[in-house]
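So the structure is just underneath, and the comments pick up after that.
We call the chains A, B and C, going by the order they appear; numbering starts again at 1 in every chain.
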Amino acid sequence: MESQQVACKDLQKASITKTLDYLKRSPYQTIIYGVSGSVATIKAFDIITELLKLNLNVVFVSTQKSQHFLDIENYSITQIIKENLPDLERPQEKPVLVQFKDEDEWLWSSMQDHVLHIELRRVATIILIAPLSANTLAKLANGLCDNLLTCVARCWDVKSGVNPFIVAPAMNTLMYEHPITDSQLSFINEKLNIKVLPTAFKKLACGDEGYGALIDTQSIIKAVSESMKKDINSQMMMEPSE
Amino acid sequence: MESQQVACKDLQKASITKTLDYLKRSPYQTIIYGVSGSVATIKAFDIITELLKLNLNVVFVSTQKSQHFLDIENYSITQIIKENLPDLERPQEKPVLVQFKDEDEWLWSSMQDHVLHIELRRVATIILIAPLSANTLAKLANGLCDNLLTCVARCWDVKSGVNPFIVAPAMNTLMYEHPITDSQLSFINEKLNIKVLPTAFKKLACGDEGYGALIDTQSIIKAVSESMKKDINSQMMMEPSE
Amino acid sequence: MESQQVACKDLQKASITKTLDYLKRSPYQTIIYGVSGSVATIKAFDIITELLKLNLNVVFVSTQKSQHFLDIENYSITQIIKENLPDLERPQEKPVLVQFKDEDEWLWSSMQDHVLHIELRRVATIILIAPLSANTLAKLANGLCDNLLTCVARCWDVKSGVNPFIVAPAMNTLMYEHPITDSQLSFINEKLNIKVLPTAFKKLACGDEGYGALIDTQSIIKAVSESMKKDINSQMMMEPSE
């Protein structure tokens, strides 16, 4: 029994290593796409679809609480992801979608093993969290990192600003209007160079009206694609002139 | 089996909806009464009894850790609450005591469902946390909201100040005297308009002497009833003069 | 069955009380030695060995996540600790190593019982966290205390500065260079009087080069022993001159 468990863990570890290697060799850039515990997580699949169209490999990372919103009402994002698992044995003509979970971090068992959040930070050139919940916002602003998503965020190179970090908050209006929201959004923007997208004004599921809703998918995608261009431009500007 | 589970969840959801509807229609004001992980949680039943006497419906919300103190030494607050469950089918002549738990939030399974912490915030006109633990204080001050109580707090309308938010800290003297206590109590008072009750000087269970103990029940109740009056006064002052 | 569980709990409680009493009567000073979720936790046993040589009783406290690093590759710190459990029935000629876990706190079941983190704070004259993870650093800086280690830290007498609090951070370079690291290390040093040891420059397990690695054991031990001397000096200075 126990040896079967070890064998299973070894298989899982091998599969993580293979995925990371694949992303490193891929001709496409890689984005970490994170979701946190907001109802708006149900938009994840739309956003993933558009990110793939931007020719980005997508690494999907979800907080425990957000997973509650991945599989509802005959609509299962988890299922769709499972059915579209790429075959990493052969070079892909298109960017791929892969998923890592909190448990994957803790397969680590020897000094030779990868530290997953560090490898993801190294493989990816951009990170997007949409929706960003009030709670995960608080973790970002306070340096807390107790799951895979916040660990990747905690080691993101926000100083140089070369690799964009974009968030799209989503909260009930009543939560959004709390004074802590504004002060923490300003803090992560000004001190941590995180690009904060505005929220949308609308009637939320619960009946309230006001700001706080996740901005539309097209605006999120536009922000990602512009930040990628800026990135390329700034790299070009740093090339020696001839 | 699985369909039984679904049926059970549906029943639980229906019961939450019924309770919320009852509170909305009730002629009595509703208070959210929260407890966090301090020994002083054993005072919860005394406090509940006095709140009911103020003609307030009481919604009892406890953090996971505080539940350790609800059932000790042949004294079970949980049991008392169970035995006094109101019959919500008929209008009550008195205010009622109901309880919500972290799990209740996560019965949510479709866009038509209530978001519990939002509904509670909407139904209640006052919130009291007594005892307030050091840890929950830190969550309030830092915007963290990973359970039902801190989620209700995170969406409380602290800006307008119309609906009072009162806390009564309780800590061992050694914890209370740590510099973070004072700075976070000041912060939630000055920036979040939360009324912070003083602690009592006494010999604690552990043998230490000093400040930090939960203030007596009568002082807590007095603070609640005064904040309600102020509320009514300020509403009256806003009426157009004739 | 249930009565067996109660009996077992009573035994565990009795054993905690015995350990605390032993430490109170011991001629040796006691250090709380904490580890948090960094790979560098594998150095714990070396550090424990050296602390014992300083004639300190060692109370070992580990966060949940750090326990993943205690038992790896045929090397089990937990096992070593188990095999060296002191016989607390008789006075020891040497300082002892004992361990407390998060669960031990929650054996509490009556007002007569000890509150473990308070008792540890009372018994010990010095606290060391090495390695200090980014996440536990954030908890210290923000007053969060949701496990035994951070509860002891939250009630440490940092104001008087009589009992030293020393931390040795350890992070991947990418995490260490994040702006939040520096601001939180400065905060705990300047506002909470916590002595922060520098990190070492080296090639980390993951391949990165830079600062962030746990400083060598000898430097940690030197800091502990110097802070003890300073402590004794300042106590001597406070004696009335004759």
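A few notes on this one:
Basically, contacts are C-beta pairs under 8 Å (C-beta built on N, C-alpha and C of every residue); 3 or more make two chains touch, one makes a residue touch a chain.
Since the model is a prediction, treat every value here as computed from it, not as a measurement.
Chain A and chain B carry the same sequence, and matching their CA atoms takes a turn of 120 degrees, rounded to a multiple of 5. Shared numbers divided by all numbers used gives the overlap of an interface; between chain B and chain C this overlap falls below half, so the copies present different residues. Rounded to whole angstrom units, the spacing between the C-alpha centres of chain B and chain C is 34.
Within chain B, residues 142, 144 each touch two or more of the remaining chains. Chain contact summary for the complex, chain A toward chain C: residues 106, 108-112, 114-115, 118-119, 121-122, 142-146, 154-159, 191-192. The residues of chain B lying in touch with chain C in their complex are 39, 42, 65, 68, 72-73, 134-135, 137-139, 141-142, 144, 171-172, 174-175, 177-181, 184, 205-206, 208.
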